[in-house]
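Next come two complexes built around subunit A: one with subunit B, the other with subunit C.
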Partner chain A sequence: MAYERNIGETILSVDQISLSFGGVKALSNISFEVKEHEVFAIIGPNGAGKSSMLNCINGFYHPQEGTVTFKGQKRRRVRPSEAARSGIARTFQNIALFKGMSTLDNIMTGRNTKMTTNIFWQALHFGPAMREEAEHRTQVEKVIDFLEIEAIRKTPVGKLPYGLQKRVELGRALAAEPDLLLLDEPMAGMNLEEKEDMCRYILDVNDEFGTTVVLIEHDMGVVMDISDRVVVLDYGKKLADGTPDEVRSNQAVIDAYLGVSHDDE
Partner chain B sequence: MGDAGQSHSALDTFPKLLIDNARRIVDRPAIREKDYGIWQAWTWSEMRSEIAAMAAGLHAFGFKRGDSLAIVGDNRPQLYWAMTAAQALGGIPVPMYQDAVAEEMQYVIEHAEASFAIVENQEQTDKMLEIMDRCPAMKEIVFKDPRGMRHYNQSHVRSLEGLMEAGQKFLSENPGWFEAEATKGSGSDTAIMLYTSGTTGRPKGVVLSFDNLVITARNGVEWDHLKETDEMLAYLPMAWVGDNIFSYSQSYVAGFCVSCPESSETVMHDLKEIGPTYFFAPPSIFEGILTQVAIRMEDASWINRKLYAYFMDVANRIGPAILDGESVSFMDRVKYALGNVLIYGPLKNELGFSRFRVAYTAGEAIGPDIFDFYRSLGINVKQLYGSTEASVFICMQRDGDVKPDTVGPPATDVELKIADSGEVLFKSPGVFQSYFKNDEATRETKTDDGWVKTGDAGYFDGDGHLKIIDRAKDVGKLNSGTMFAPKYIENKLKFFPYITEAVLFGNEKDYAAAFINIDLEAVGNWAEKQGLAYSGYTDLAMRDEVYDLVIECVNKVNVDLSEDDALSGSQIKRFLVLHKLLDADDGELTRTRKVRRSTVSERYGELIDALYSDVQSCLVEAQVTFEDGRTGTIKADVKIREATMIPVAQREAAE
Partner chain C sequence: MLFFLETVITGLLAGVMYSLVALGFVLIFKASGVFNFAQGVFALFAGLALYDFIAEGGWFHDLFGFVLPVWLGIIATMGVMVIVAWLVERLVLRHLVNQEPIILFMATIGLAYFMEGLGDTLFGSDVKPLNIGLPNGAVDFLLDNYNLYIEKLEIFAAVVAAIMVTVLAIFFQKTRIGRALRAVADDHQAALSVGISLRTIWVIVWSVSGFVALVAGIMWGSKSGIQFSLSLIALKALPVLILGGFTSVPGAIVGGLIIGVGEKVAEIYAGPFIGGAIENWFAYMLALAFLLFRPQGLFGEKIIERV
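Up next, the complex of A and B:
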């Protein structure tokens, strides 16, 4: 649908990030900016450093050089839990759910950063803790409704097909009501129909809640369709960034993706 | 029952019944919906306020007396309210099948001259917008669920919330307006228009009056002693007359609560949570549930399987007798009670059937095994026979007088007769007014002296129960002169769990032959147990092992047929397993899953020719429509097999 989207100020800026593991340079000197309400994609071949980049943003890795600025706060070393509390939620390339727990409980864990009562009250399940749980449950039910997974509410996630597990993982990230949503290959291993569904959910999240989305994806078609802007990494270096059209016609990108036979798409 | 307040004659429309219920059983729940994981209920008085606001809102945006209101979506309280709101304004609700594609909807909307549409969500709004410029009468589209709708800025698309706010405002300025409007209607007014899915040709708009629905519903309520404490789950399409009677008309008359499931995928869950006391399901659903149970029992532990087998045997023997109130020995009663604690109770609870007082099935014949299974568990499943043209009830079985192969005696106030051709004719208070803008069809169906043709062939058995064999026009003759009732044989085939659909041929042919669709779940499960790998329906259907499985079923049907004097000549000689499932999206089935014979014979002409030659296989290509509307083709080499026919002494003697 063609309509004006409300792209705001810069919410996340990555400045001169370099990350190495021993002698391996995973990222060198990467900079880009993500604006509020944007769908922003990081693409690149295998081993390009895409997941490392996400890990730097949510504080799982600490880059040797450079800074990440989120909502105006510049930081060098931040723990993942602090990043989560500041409004960043993510999903993982290999699904990281609690297989034995139900969909509902898994999504409930996404509310963890929002819980205020201490473990003592929660264990008693009485008074403020009970009230709080009801509130969190309401929020979780909204996510379940949004992702249309009512039918699997009580199903252990280990029993679900892969595509649905991915959706549950997205649900858990959404339950945290994030300002910035990091999606690590949300469509990997999905069939066409599942991919279309997932695209729709990502766009709906972005549209309904105004959540900024940064995603990594291999499927070029998907990326070009849903992203506002794209950054291309290769061997830890930035090849290009810009709108999908700009990136698509960039010679360096074509080379990296298709080898050096200079075919047009 | 629902007659404590005013006399029946004063409560002759649904808006009047609503106002009466809101006064009489103020705080009893009227309707429920599961939303955000929690059952939300509206009492009769709350529901009255909502409906009043909706009616006022419709009025404020220009909906007038005599206008038609299209209603599209899953079973939602707001969509049921929309029916009453329109009826209060003297308008005519036209509920439509929610899974129909835009073109199918266009025909109905154009034909019904609907000026407003109240739809559930974005999906349905998009369909309406697609056809709007071809439907000149259509003025406003109102959507219930705002999700994804924020960028729709067309002036004629608005939210139900906004409409009801406008209605509230209007009501606060005009108190008493709703009551005044609601009492303007009377029993002889048109209450609703229901489009029949139509196995042949275009759908027809069946016009039903308030008298048709209210009196028929009231007769049904009295027949089964339904009360305001009963519970119903509304999960069948709102466009279908059955849903209108069970979840709407009877609820208004008896005052019982109707629950709307969370989504179409959660129906079985919701059934368990609500535990309805009054239930309707077509045979296919009862069949599906039994298949599920059977599959799950196969995977159960050894001891559970043994217990299940033993107690189901006990139940089969004495369950139906207990349900029908016949005398049963003391030991048997003890065994049944034990079975109830160990097996039947938990099983019923698991299915959500624990509180069933009355459950009906209709639409197709139900397999005797399936029917007996439920009755032996102590579930009061009964059969009824009805049609849109009768406001449902024509025949229905009485408690304690239930048989698997009949549809029961005529319902209250219904007169029945069998024409010379074998066709069933009826007269009842529910007889429809007319087909909308189709006098010719009305005259064809309704005779001058008031009898309505059902199009079904049947006869009365010794106890005065009606037995339906087939569609009257489908009953034909083989070249040998033997009667050929395709539906009757198809049903026999479909009673096997491995067979989901069958199409019989034989009219004016030398012998009977069949197309068969296997049940992917049941046969798939069987194949897994055999260690048989397959890639999908087509692959599985082509397997010799599967043909061996199917031929056993066909042979059993032939044995059955050979025992029936009239039909023994129509045993199945040759059959094939179709390479694709017959599908409503391909036009091969109606939306209510009945086979469109003409489409099938047209599309698979070469296969039919092959059945009536002596070839062993036939190469075909078929077009399929995927769920997203794209089309593709399936190519397959379909094998043809010969079944064993039982020679019949009589026939041989005659030849």
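Up next, the complex of A and C:
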């Protein structure tokens, strides 16, 4: 990387996570740590449990065993809305936007956790609620500038092309000013140019706001380029973690990717 | 000409009543994508509860020996509707997160029958005249000068509906909670990820529609007494929604008005030629035509589907 960031203390620590759906073990005994301001990648073949891992971190899934510690708060079962409030924002593998709403409104929903006026003022749309709305609008405009999507501000997102939808989804996550940003395949289905743009945004977010990024990605070139550290999952088990170089030369990882037969199957 | 005008105005005002019920449907549909079949029963339930708080014959009187003043009765009924909303979330919706809309719809049908039975058990099944001192009788001024017969109550209902629609429209378009409601309707998972609590939103939205049901219950109850046929008005609200669009608050109003006027005009002018009773099926025919040519309704959000 051309620039220097201060990799700080551990911000997220995943400890002995096991998750199963009925008889299917999605994750078994996964542990890793993510440091502040880091770009951290989760990689692995399809069905390795990468998305399940993200879902455990932001509270969509509740692991049967193990804990997730975020900013010093250890928890086992957390509700997604609590996770969001504690500073975790995310995007989805299959874009999950509010299709009927405009780009602006979509990104405004990202401010949800920052808004405080109560339902009484809200209902009247008066007094504090109105002032607050204006302040948040300013923040949202900053995000829109940052992602260069000024032109589609008022467009219903359902009408946008795929690549732009991905960008709006990132915008919604950024609007929450998260400490931890979870990106589930942010570059899936994009062309080269769009991928480069997305990489740039991710690095800029990490650089300018110091946001810790945990991402899942299949494009190894991208992963090795932008991540500080990588964890490799396969069949719900951790194969390795470390810097991109360490991981690249790890025999277990090479086996998993090149498809050596698994004895324990 | 005068007769035609009177027909249209009567139709418009009857339409307002339909709109009031349709409004409750729209609210829940907008916020949770659920078509709440129980909305009509909600109106009935609210009306029954209110009657019992404020009337001499109600069980509140039997229990405590006095009745609540009207305004307090309305607040107490609102409290009952909030509790109902909370229970619906707790006992029904919570267990059906991320299910198909048709499953949620079936759940509301069950809810409708349950609430109807509960209302029957708690409050009895006889027709109850609701009198909370709303103006009634004809508007004298119009009757004397222009020989137009228009009910004061219906004018009042129109004003109330107008105010309610304005407030709700602003609430949905401009506020955080309004946006959160629309977000929940669109995508549960995404809504959760930005920190919207589904449970809170559902309680809010069912309470708001409980409030709308209360208003509808008061208006219908004042007009023709609180009776169990009120829950059937829910069926009339369906074509209103198809016309106006399931997601549009103004659509519910305009749809209600069109159906109200259409029914009356068709009954009076086309009725004699084809044997009358048009009023009973006109709304559904109109809805059918709309489904063929404009399925999203007049004001509904365009259905965007990328292929």
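In the analysis below, the second predicted complex is superposed on the first by the 258 of 265 C-alpha atoms of A that agree within 3 Å, B and C clash if a C-alpha of one lies under 4 Å from a C-alpha of the other, contacts with A are read in each partner's own complex, and residues count from 1 in each chain.
Simple rule for what comes next: a contact is a pair of C-beta atoms (placed from the backbone, for glycine too) under 8 Å apart; a residue touches a chain by one contact, two chains touch by 3 or more.
What you are looking at is a predicted structure, and each value in this text was computed from that prediction instead of being measured.
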{"item": "First (subunit B), second (subunit C), both or neither touched by A:Ser81", "value": "second"}
{"item": "Touch count on subunit A, higher of subunit B and subunit C", "value": "C"}
{"item": "Subunit B versus subunit C as contact partner of A:Arg90, first or second or both or neither", "value": "second"}
{"item": "Touching partner for A:Gly158 - first (subunit B), second (subunit C), both, neither", "value": "second"}
{"item": "Partner chain(s) touched by A:Glu150 [first = subunit B, second = subunit C, both, neither]", "value": "first"}
{"item": "First, second, both or neither for A:Met108, with subunit B first and subunit C second", "value": "second"}
{"item": "Touched partner set for A:Glu141, first subunit B, second subunit C, both or neither", "value": "first"}
{"item": "First, second, both or neither for A:Glu208, with subunit B first and subunit C second", "value": "first"}
{"item": "Contacts of A:Thr10 with subunit B and subunit C, given as first, second, both or neither", "value": "neither"}
{"item": "Touching both subunit B and subunit C, residues of subunit A", "value": "none"}
{"item": "Subunit B - residues contacting subunit A, complex", "value": "35-38, 147-148, 150-151, 262-263, 265-266, 269, 628"}
{"item": "Contact set on subunit C toward subunit A in their complex", "value": "167, 170-171, 174-180, 182-183, 186-187, 189-198, 204, 247, 301-302, 304, 306"}
{"item": "Parts of subunit A lying in touch with subunit B, wherever the complex brings them together", "value": "1, 3, 137-138, 141-142, 144-146, 148, 150-151, 153-154, 193, 204, 207-208"}
{"item": "Contacting residues of subunit A [partner subunit C, same complex]", "value": "58-60, 79-81, 83-85, 89-90, 92, 96-101, 105, 108-113, 115, 117, 119, 122-123, 125, 129, 132-133, 156, 158-159, 172-173, 176"}
